[in-house]
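Before anything else, here's the structure in question.
A, B, C, D and E label the chains in the order they appear, each numbered from 1.
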Amino acid sequence: MNGRLRLLIALLAAVLGAALLWVFLPLLATRPESALAKAALAARPLTGVGNPVTAVLLDYRAYDTLLELAVLLAALLGIWSLGPPTPAYQRAGAALRAMIAWVVPLLVLAGGYLLWAGGQVPGGAFQGGALLGAAGVVLRLGGDPHAGLPAEPWQRLLASLGVGAFVIVGLVLLGLGRDFLDYPSAWAKWLILVIESAATLAIGATLAAAYVGGRPPGGTR
Amino acid sequence: MSASLPLAVSLPLLGALATTLAPRRARTLGLIAALASSAVVAWLVVAVWTQGALRVDLGGWSAPLGIGLEAGGANTLLLAMTALVALAISVHAGDYFRDRIQLGHFWPLWLLLWAALNALLLAADLFNIYVGLELLGLAGAALAALGGSRAALSASLRYLLVGLLGSMTYLLGVALIYTAYGQLDLGLLATQLTAGAAEATALALLTLGLAFKAALFPLHFWLPPTHANAPAPVSAALSALVGKVAAWLILLLWLGPFATVTAPAGATLLGLLGACGVVWGSWRALRAERLKLLAAHSTVAQIGYLFIFVPLLQGLAPGSERTTLIGALLLMALTHGFAKAAFFLAAGQVQQHAGHDRISDLGGTAQRLPATTFTLGLAGVALIGLPPSGSFIGKWLLLEAAIAQGQWWWIAPLLAGTLLAAAYVFRVLARAFNLEPTPQRFVNQGRAELPGLVLAVIAVVGLGLAAGGLWGLLEAVEVER
Amino acid sequence: MSSALDTLLPMLIVCSSLVPGAVIFLVREDSHLLRTTLNMAGALTKLVLVGVMIWGVYHEHDYESRINLAPGLDLVFAADALSVLFVTLSTVLWLVTTIYAIGYLERTPNRSRFFGFFSLCVSATVGIALAGNLLTFVICYEILTLATYPLVAHRGTPEATRGARIYLYYTLSGGALLLLGAVWLQTLAGPLDFVQGGILGALPTALHGQFQVIFVLLLAGLGVKAALVPLHGWLPQSMVAPAPVSALLHAVAVVKAGAFGIVRVVYDVYGVGLSASLGLLGLLGLLASITIVYGSLRALVQDGLKARLAYSTVSQVSYIALGTSIFGPIATVGGLVHLVHQGIMKITLFFCAGNYAETLGVHRVSQMDGVGRRMPWTTLAFSAGALGMIGIPPLAGFVSKWYLGLGAIDGGAGWVLVVLAASGLLNAAYFLPILYRAWFRAPPEQWPQEHISRRRLETRAALLWPPLVTAALCVLAGLLAAAPFSPLEWAELIARREYDR
Amino acid sequence: MIPLQALYGSAGVVLFVLGLWSFLVHAPLLRKLIAINIMGSGVFHLLIAIAERGTEPPDPVPHALVLTGIVVAVSATALALVFSRRLEDAGGPPEDEC
Amino acid sequence: MTLLLFDLVLIATLLTLAVAALNSAEPRRAVMLFIAFGLWLALIWARLRAPDVALAEAAIGAGLGGALMLAAARRAARRREDDEAQR
């Protein structure tokens, strides 16, 4: 790419930035009341979830989250379709192994805590799942080529858990004559917890598997 | 009845899970899922036909809090086209991918793509469209790379990156709308949006983001290599469905919630880009050396036609004239969808038989596969817009509107596109006639050849002669509202 | 007669060749019997249905099939006297040509494809004949283009591919102009149903300027198929097609569709009065006259037999346009009756040319010395056709020219007589030498390629009977011109309905 | 005085434009991916900024949107990286243009 | 006023990190800067009372995304060294 084109692009980007700022600033300065925010906060008791973000993610806009988990699944399946993983690093030294032996359970525990706490305070499926995934990353860095993941069929099951829990709960509710993902208020809290747990496992497993970066070598381990 | 809306998304998802869990049985499970998804869409079409437009608030939360799904006249028709084309692709793919491992990769991704298509067509929420677009982009890129060649990988990577650029741009538009209006539901926004700088900028960002995905000229550069190098069933899905859905979303925004924001200048610009796409895509198709590349370039042209409608619809108040023109737009989109899918499936057949798809060396192969050649011919007729295909009627109505509104300059790209399309289609068909030995049968491999043929017949005969029903559905929904 | 039949009959006539055509594609290549049965069943069914229709239209029965395609756009097949004229011509000649083609293509490859497209082609022609509005006409007109393309390209040789490509360039470009003209006209005048006397006369005179431009567009579109100079370039090129295709293309389907379209546009869309007052008839007459003379001149210098016949077609088809362009009922009769007469004469000539080529390998005029002795029956049929073309009484061609001449005097267009006379002389100049060679010169030692040796008949029966039948029709159409249901009588019926409203 | 959200919001816009610029001018895939991620972060940041409402509790909806967006972005990044690795395996570095 | 100053510093640092990440041609350096950018962003989001998202950005955006990119960067760097060794 030659210098003149670079300059042109930089200029255009600057103009675009100025235009966007010109449009955004007045709006940001006098941001109108968000009706949606008020409604979201007001309806929270009905969901049985204390953390408003979790309420949005798993109740009001649960459908978005369902599709998002499908995106995650699609990414993993895409990665698998491209072939086997690259070889892992060499086995870590004893000191590092000892540290990993400490860190991984800690990450898993913290992930579980975040999942559980996510109903009331900051945290939830994504953060918990991310920590599980991080545990996988650490394991792989330590030399485990599978990042602590089970054999392929189980990986497939884990990766499908999130979307699966959502779709099955949704379809069962449809079958019961309710709207898709319209939780009965008595069960809302528990259904959300079930879905969240499934999603946590799925996110953790998917992120770790994505880090491994290829289709697990068939069946056996 | 309204259950059919979420089912149209969740059944393909369920199929994707089933095929993920049991990759060895992917073919059987996938076909079952494909049939079930198509059946649900059929149910939905009947429901819309008898009851008018449907809307479901998911999770029991009505807008603005929850996410809605809507089935009106236009998107129901697109949904039905998607189901038919997807079913044909599903049947064809079982034969196309001979390798069980490849089938195991294909099926879940393909069903995820289908779920994304249905989700986008039914979507009534700006952010939900973003998530759907990402699912579409990731699944599409992964599918396009299934061929595994270096060219396919490189093209798919570019597709993925361009898709990401598009969705980020789109998301900025969403953020702008949320800043100004504090909500995301299209139905509510339609009642509140007013003309203004912020709204216009938001529309520009949303359109730009979607234009990347729809391959609207000049943002089409990624499309030809991707579609030409993907496995044929995937190319069929990408060309016939993915681009159409993105184009549909642009049209939905322009004709729906943002109708008060749009200005004639913007609409004319969009039409102009469409016209450039028609001429440029057709010209490149004419120059293409390979059959699939030809089809891919022609997709750029076919997307262009849809945008020529925008400046003509811009000035029309709701009424029968507008419904007629929207119907023509849909007819064009549906015909192209069916025809392009058929064309790619047939091209894949040719490629598998000949081991290549160089147009100049096609002679013998085309002669040995009469049904496939016939499919190419019929699909070609629809791509050109010759009667009795649906696109002929669409083009007639488009010309009529252009003349009646005094915007006669749109005639030039339409006629140029038609003649160029004729030139590139018959450049291929001319190879079908040579001195090769006589084929004994019309159809040799039913599962591989018939899906494409059926799609082509739908495009040419079904949509041509039974197009009246389309307006029937559109008007049924209008009246309901 | 029930009303259900009234609304179905036109559609049934179209389908009677369409359905067998679609099925034939699926027939295995070696199932001769099944294919022939389908062909003949379709052709005979159509003949019966058309018979019913002739009777009905004569008794002022209305037939109309209508399908709504889109708001404001209807696919209409309807029958009036004019459409019946053309339908009957195509139906009869289809039957004859099908028999001929079965004989001609024996033991050649790709017959299922050939007969499939052949039937589609006839369906499109019949659709053109029965089209009840301009939209339907355009649709069938374009389908005709598509269906004939594979027939021209059928042989698969490089020349065939080239001829087909040129054919396509011309017809599709013309089709685009026709489409544009039709759509434009529809935005001005609404749905363009064909009504005797036209529908544009009632519209404000402010639109007349646009009407003139649109007429030029329509004429450009129709003129391609009708082979009006300078749009005729495709016709000699598509001579590479098998003889039955040439016969069908030049006698019935393609060129006639163009000529018929011109007739429709002048009489049933614009109205002959409006066309005259807008000066459009003069334009048409001029083009037709140029074409008549130019085609004959070019025919004179061709050595290839089919090429000579092709240029003769260019010339002869324009008689129809010429008749249309003269204001007055007598010339109309001449033009319309020539639609039929030229068809049967020219198909006879092409059948014979095909017989010479198929039996003896004779393709050129210079090779035709003495063919009359080897193939007397074929040459007899050829002579009937050729003399008819020149206009020798009492053959069919004489009747057409007589009425054209009378009409020209009646319509005050005396210059047309000069054109007619010149054309007649030229016709004689390029046909008589062939007849002389065929009958009076000695045959050569050996024919170029004698494919079929002489047994009881001079060639295969399926090749011999069709030209004899059509030659007989040429003679009968001339001799019995005054009989009821003769082409002439029918043309007079149409002219009466057009002028005596 | 400039409200807090205007300040942070403009930073989001600036990040978006910076990312866009970098995406367009830098050829290597990794740099493009970083650019895309920073573009995305810009939009996310903007959403977080408008969720902050001073005295009232923050609007949870943009927070949820951003959470979704982060996961989607990381999925796409992972897929793109594996694509580029396969391309390297298939012969040479990935194409240097876009 | 001090609060505003604090915010300005936060934002200035963020933008500096972003520019640095975008402008470094050396892959590993660019990724490290990107990770730092992500963590800083998480900090700002915590400041903007979005702790859920801050956590997620730190763990997923900066953490896992960074880890993924780092692996790629290491390969890129190794390839670059190989190329130089060959020359």
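As a convention for this text, a contact is a pair of C-beta atoms (placed from the backbone, for glycine too) under 8 Å apart; a residue touches a chain by one contact, two chains touch by 3 or more.
It should be emphasised that the depicted structure is a prediction, and the values quoted were computed from it without experimental measurement.
Peer 1: Starting at chain B, what is the smallest number of hops through touching chains needed to reach chain D?
Peer 2: So the least number of steps between the two chains is 1.
Peer 1: In the touch network of chains, how many steps separate chain C from chain D on the shortest route?
Peer 2: 2
Peer 1: Grab the C-alpha centre of each chain and report whichever is closest to the global C-alpha centre.
Peer 2: B
Peer 1: Among all other chains, pick the one whose mean CA position is farthest from the mean CA position of chain B.
Peer 2: The most distant chain relative to chain B turns out to be C.
Peer 1: What chain lies farthest away from chain D once each centre is taken as the mean of the Cα atoms?
Peer 2: Between chain D and the rest, the longest centre separation is with C.
Peer 1: Out of every possible chain pairing, which has the most C-beta contacts?
Peer 2: If you count contacting C-beta pairs, the leading pair is A-B.
Peer 1: Please tell me the distance, in whole Å, between the geometric centres of chain B and chain E computed from their C-alpha atoms.
Peer 2: Going by mean C-alpha positions, chain B sits 38 Å from chain E.
Peer 1: If you average the CA atoms of chain A and of chain E, how many Å lie between those two points?
Peer 2: Chain A and chain E have C-alpha centres separated by 20 Å.
Peer 1: As a quick test, compute the distance in whole Å between the mean CA positions of chain B and chain C.
Peer 2: One centre to the other, that is 42 Å.
Peer 1: Using mean C-alpha positions as chain centres, tell me how far chain A is from chain D in Å, no decimals.
Peer 2: 16
Peer 1: Which chain C residues sit where two or more other chains touch them?
Peer 2: Correct list: empty.
Peer 1: Multi-chain contacts only, two chains or more: what residues does chain A have there?
Peer 2: Touching at least two other chains: 20, 24, 28, 31, 34, 36-37, 40, 53, 60-61, 64, 68, 71, 74-75, 78, 82, 126, 207, 210-211, 213.
Peer 1: Got the chain B residues that touch at least 2 other chains?
Peer 2: Counting only residues that touch two or more other chains, chain B contributes 127, 131, 134, 138, 141-142, 145, 153, 172, 178-179.
Peer 1: Which chains are in touch, pair by pair?
Peer 2: Chains touch in the following pairs: A-B, A-D, A-E, B-C, B-D, D-E.
Peer 1: Chain E touches which residues of chain D in the complex?
Peer 2: Contacts found on chain D: 1-2, 4, 7-8, 11, 14-15, 18-19, 21-22, 26, 28, 30-31, 33-35, 37-38, 41, 44-45, 48-49, 51-52, 57-58, 63, 66-67, 70-71, 73-74, 77-78, 81, 84-85, 88, 93.
Peer 1: For chain E, which residues count as touching chain D in their complex?
Peer 2: Per the touch definition, chain E meets chain D at residues 4, 7-8, 11, 14-15, 18-19, 21-23, 25, 27, 30-31, 34, 37-38, 41, 44-45, 48-50, 52-53, 56-57, 60-61, 64-65, 68-69, 71-73, 75-76, 79.
Peer 1: Which of the residues in chain A come into contact with chain B in the complex?
Peer 2: Of all residues in chain A, those touching chain B are 19-20, 22-24, 26-28, 31-37, 39-40, 43, 59-64, 66-68, 70-71, 73-75, 77-78, 80-82, 153, 156-157, 159-160, 163-164, 167, 170-171, 174, 178-183.
Peer 1: Of all residues in chain B, which touch chain D in the complex?
Peer 2: 127, 130-131, 134, 137-138, 141-142, 145, 149-150, 153-154, 156-158, 160-162, 164-165, 168, 171-172, 175, 178-179
Peer 1: Within the complex, which stretch of chain A touches chain D?
Peer 2: By the definition above, chain A touches chain D via 1, 6, 9-10, 13-14, 16-17, 20-21, 24-25, 28-29, 31, 34, 36-37, 40-41, 52-53, 55-57, 60-61, 64-65, 68, 71-72, 74-76, 78-79, 82-83, 86, 126, 203, 207, 210-211, 213-214.
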